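Same chain, two partners: chain A is paired with chain B first, then with chain C.
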Partner chain A sequence: MHLIAQDLVNGILAGGILAVVALGFSLVWGIMNIINLAHGAFIMLGAYTTYQLFTAFHVDPFLSLPVSFVLLFALGYLIQRFIMNWVARAPVLTTFLLTFGLALLIVNIALNVWTGDTRGVTTAYSGANFTLGDVTVPWTKLFTLVAALAITGVMHLWLTRSKTGRAIRATSMDIGAAQLSGVRVTEIYAIVFGLGAGLAGVAGTLISLSYALNPTMGDLFLIKAFVVCVLGGLGSVQGALVGGLVYGIVEAFATQIDVTIGGQHISGSGLQDAIALVVLLIVLIVRPTGIMGKATA
Partner chain B sequence: MKLRVTAALGALALCASLAAPSAPVSAAGDVIVFGSPVSLTGNLTKEGHLTQEGYDLWKNYVNAHGGIKVAGKSYKVEIKYYDDESKNDTSAQLAERLIDQDHVNFLLGPYGSGTSFTVAQIAERKKIPMVEGNGAAEKIFNQGFKYTFGVLSPAKRYLEGILEMARAQKPAAQTVAITAASDAFSQEVAAGAAAYATSHGMKVVYSNKYPDTATDVSSIISALKQTNPDVILNAGHLQDALLVQKGLKEQNVLAKAYGYSVGPDTPDFANALGKDANGVFGGAQWSDAVKYRGAPGFYTSAREYAKAIDSTYHHRADYHNAESTAACLAFQYAIEQAGSLDPAKVRDALAKLDVTTFYGILKFDNRGLNVYKPMVVNQIQNGRLTTVWPQFTADGKPKYPTLAWGQR
Partner chain C sequence: MNQATLKRIGLGGITGNPIAFAVVLGLMALLLAIPLTHNGYIEVVFRNILMYAAMAYGWNLIGGYTGYVSFGNVAFFGIGAYCSAVLATHGVDNVLLYVLLAMAVCAAFAAVVGFPVLRLKGHYFGIATLGVALAVADIIANLDVLGGTGGLALHQVDEAHFSLYYYAMWLVTLGSMLGTFFIARSKLGYAFVAIRENEDAAAVLGISATRYKIVAWAISAMMAGAAGAVFAPANGFIDPSITFAIDSNVFPIVMTILGGIGTVAGPFIGALLLAGANELLQRFFVKAHTLFFGAMIVLIVLLLPRGLVWLFGLRGGVRAWLKSLAVYKA
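Showing the complex of A and B:
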């Protein structure tokens, strides 16, 4: 019983991070129809931003959140304005190739700047925890979850209430009608791509608290972002949040599956990825638009 | 048309390369040429450079001390490198080029199990001996290859030393939990540790694996914690070692000893974790504290070797350096014993080799694997790596049991 409660907590804590990992990726894909393969590289840059501020100036990782966001937003904005814009509304394969190339470029520059060494952000309070009944909760991961929920909340409010947010959603619904109503699509696209990169940066900062840094770390998270956002539903804030939490909880429980069939020992944790993908498959069969996705015409 | 011309040229080149004699190769002048495709760029750059340092240090020593004597004649040594970009296929292609175009006499291994495996296939096909010091997966040696030799202790022995040490302490460790990544090397390490434990009266109370792409292992740690083991072992790589060690602290898991197959012996581990790295044990191929007395012909002690690395490359001697140099030494002694540069004769001499060096014993079983050398156990004590086991090579006593979190 206690293990079930502990796994639920582990799953929710891991899922919160996954939600932020997927959020930016989901917005860019849902609104601009670009599958951004450089998302993982942006996450890595966010993590290194935190690492640099932490080692050089002893800035607390949580305080570096806005810095990661602003730096990566600027990078994303410029990339969209001066590079991606050339292939705006090109076939998916073209943007696929371009973002793949960008990812390679960024990762290799990072390898030159930071070398392939593995690094960690270990704060004085790293590993501190408290117990609730039988369940152990690490403070850092709890703060990370709170930050993740706050970020998704703010994003949701901004997209539904602010003028720019509404323009973004209008562009995603009907680009022609949005242009006729005076929305500058080029500008909106640059903002959305910047936002995607900025959120990746934030995710990188949060990840750096529990996961060690390496220039190639982004790939793993790119794959998770992909699954989470298809699972939850494209282009929506709620979708990323629900998708992240479901993925995290499924992985946590999969770990405890332990069966022996005909002398063959099967460990659920060795099959974590496979089990999460089976869940994805089931969701896609039952609800092709994802858990929170709305049917589109 | 153009395509056809290209195809014809390709076929021609293929014929030429097949017709070119792969052996015997004549050394230009009185030089023995070694070739190595090694990770000079890519994600294993760092280890690749350490490998190259190990090779070069040996080359410079040998050339400064009269070279290698073959049937009464002295030969200088030369090493030709290519950058394999840390890629398995590239490494094999470059090995082929070293043999066919550069006519090297022998191959020194690349860095890593993946590249060593692909290059071993080329060495076998071309019948050119390779000695490698950087691929420990037994898979390389279970193919029946006759031309590949590895100076490393095999994967299954990585964690044995830690269990042996923990059994000899007071209070003796009786239960062990093992977590392992799902890749071939880590699975070999974990299976070896479990076999050792059960055959020595210890109980394996928890054993589980996770994908080598895992970014969160907290649920494994929750399950492990319930079994309350004396020793917690992890068979994996640096990234998961850090993930597990952080996770153990987050859930306040207390054990008498914590051991890792890979991690503690690289400076990155202690740098990333700070005080939380203290007390951790790691299995290592070599450390600068080992006390073997080596045969003449090279630095005879680990201390002298470490001093040479420090004065040449200005860093502490790493086990990657030492195992790479050891690969060269295997060639040096085998060539001298063969009294010939003929690849087949040198291969036979390697198969019969039995020599102790600053690195430990160099002796191969019939698969070409050095099963005779024990691993050493290091412990991070006050941020510094100290060799604590086996006792006859140790430069410090193990701190056991490990202190509680927060007191390290």
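Showing the complex of A and C:
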């Protein structure tokens, strides 16, 4: 019983980060129909921003959240405005290839700047935790979850209530009609891509608190972002949150599987990704548009 | 862009540009001579180019012709490699048998998995296939029978075998290329393209979409599996991280798009250029080669959004080219 509760808590704590990891990726894909393979590289840049601020100026990682967001937003905005915009109307695979090239570029620059060494952000409160009944909760992960929930909440409000948010949603529904109503699509695209990058930066900052850093760290999170946003439903804020939590919980429980069949020992910790992906397959077959997705053509 | 526009700029028809195809066949003939003039390192470089080309052809059939973008074709490459390894560790030393077994197993696996997965459309299909590939890699890494994460060692590769595997890979690539050519011109190919252009309309015309999609994926799987089946004995050793590498998953897709998606010449041109450029850059820029590699991809996409094959059919000179660039601008 105690193990189940602990797994559930671990899953929710990990799921919060995954939700932010997937949020920006999901918005860019859902709204602009761009599969942004540079998302992992943006996450890495966010993590290194925090690392740099922390080691050079002793800035608390949580305080560097806005810095990561602003820097990465600017980078994403400029990339969309001056590079991606040239092929904005090309088939989805063209932009797919373009972001692949960009990811290679960014990761390689990072390798030259920070080298391939593994680094970490260790604060005074890094190891601290508290117990609730039988369940141990690390403070950093709890704060991370709170930050993740707050960010998703703000994003949801901004997309549904603000004027720019409305323009973004209009563009994703019908680009031609949005243009006719006076929405400057080029500008909206740049904002959405910037937002996707900014959220990746925020995710990177949150990740840097609990994971080791190196320039190729983004790959793993890119794949998870892929899975989470489809699991929850593409292009929706709630979808990323629900998808992230489900994925985190399934992964946490998968580590506990430990059986031996016919001399072949099967341990869940090695199969954790496989199990999470089988869950994804089942969800997709039962609900092809994701858990929170709307039924569309 | 619709078919009429494509035809006007010299790209179109079901197999793509005929001049490009002729050039590719000529290049293939030249590649036959590689083991005679070079051995060792250069031979491995070209064998890898052929291997990536075969995988790109496999991906092109499902992703390019049928319009179902798979992110999991590396699963078939890996399964093919493990088929060889299992045969080799049981004393079978015949590359033809390796390839045949790999093709049979991959086709069967694709058909079984394809039945639920190919019901999904667009992005959802892509993610599901990615899931299949990662799950297969994870499961193999956890099976002691297949060596787990430690991998399997095949027999020692001697001098004579070395070129044998090169020619085997050449045949696999030629087979994939000609297979694509003849399939594209057959009723089967037209069914694939019909599904890509409009699945509902295809169904109305009496094309059983599910059946054709499974056929497309199974053939695609056979091409990747055959490449894996030759790779394993040529490399002499396999483990999950080699056979299910992210590169083996992404490179064939990138090569196909770069060369020209949904054409017969495209995958080969993309593989030759990309793997070749990667090799050269690695030689001249030890530290920054990926930087140039990334920049090269970005530039090609911006300047030739339809792929390199497009160059062969360009009519109307620089002005037509500039005009075509504006088509995609927001």
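Rule of thumb we're sticking to: the second predicted complex is superposed on the first by the 296 of 297 C-alpha atoms of A that agree within 3 Å, B and C clash if a C-alpha of one lies under 4 Å from a C-alpha of the other, contacts with A are read in each partner's own complex, and residues count from 1 in each chain.
Here, contacts are C-beta pairs under 8 Å (C-beta built on N, C-alpha and C of every residue); 3 or more make two chains touch, one makes a residue touch a chain.
Everything quoted here is computed from the prediction, not taken from an experiment.
*Asks:* Looking at A:Thr289, would you say it contacts chain B, chain C, both, or neither? Reply first, second, both or neither.
*Replies:* A:Thr289: touches chain C, not chain B.
*Asks:* Can A:Asp273 be said to touch chain B (first), chain C (second), both, or neither?
*Replies:* Once the two structures are laid over each other on A, A:Asp273 reaches both partners.
*Asks:* Would you sort A:Ala212 into first (chain B), second (chain C), both or neither based on which partner it touches?
*Replies:* first
*Asks:* Please work out whether A:Ile109 is in contact with chain B alone, chain C alone, both, or neither, and reply first, second, both or neither.
*Replies:* second
*Asks:* Looking at the overlay, does A:Val230 come into contact with chain B only (first), chain C only (second), both, or neither?
*Replies:* Second partner only, chain C.
*Asks:* Using the superposition on chain A described above, determine whether A:Tyr189 touches chain B (first), chain C (second), both, or neither.
*Replies:* second
*Asks:* Return first, second, both or neither, reflecting whether A:Gln238 touches chain B, chain C, both chains, or no partner chain.
*Replies:* Touch partners of A:Gln238: none, neither chain B nor chain C.
*Asks:* So chain A touches chain B in one structure and chain C in the other; where do those two contact lists coincide?
*Replies:* The answer is residues 111, 223, 267, 270-271, 273 of chain A.
*Asks:* Over in the complex, which chain A residues touch chain C? Could you list them?
*Replies:* Chain A residues touching chain C: 29, 35, 83, 85-90, 93-94, 96-98, 100-109, 111-112, 185-186, 189, 219, 223, 226-227, 230, 234, 264-267, 270-271, 273-274, 277-278, 280-281, 284-285, 288-290.
*Asks:* Chain B touches which residues of chain A in the complex?
*Replies:* Per the stated touch rule, the residues are 3, 6-7, 10-11, 13-14, 111, 115-120, 122, 126-127, 129, 136, 138, 140-141, 207, 210-212, 214-216, 220-221, 223-224, 248, 251-253, 255-256, 258, 267, 269-273.
*Asks:* Which of the residues in chain C end up touching chain A in this complex?
*Replies:* Residues in contact with chain A: 63, 69, 116-117, 119-121, 123-124, 127-128, 130-132, 134-135, 138-139, 141-145, 246, 250, 253-254, 257-258, 261, 287-288, 290-291, 293-298, 301-302, 305, 325, 327-330.
*Asks:* Quick check on the complex: what are the chain B residues that touch chain A?
*Replies:* Touch list, chain B to chain A: 43-46, 182, 208-211, 213-216, 218-220, 222-223, 226, 238-239, 242-243, 246, 249-252, 266, 268, 271-274, 276, 405.
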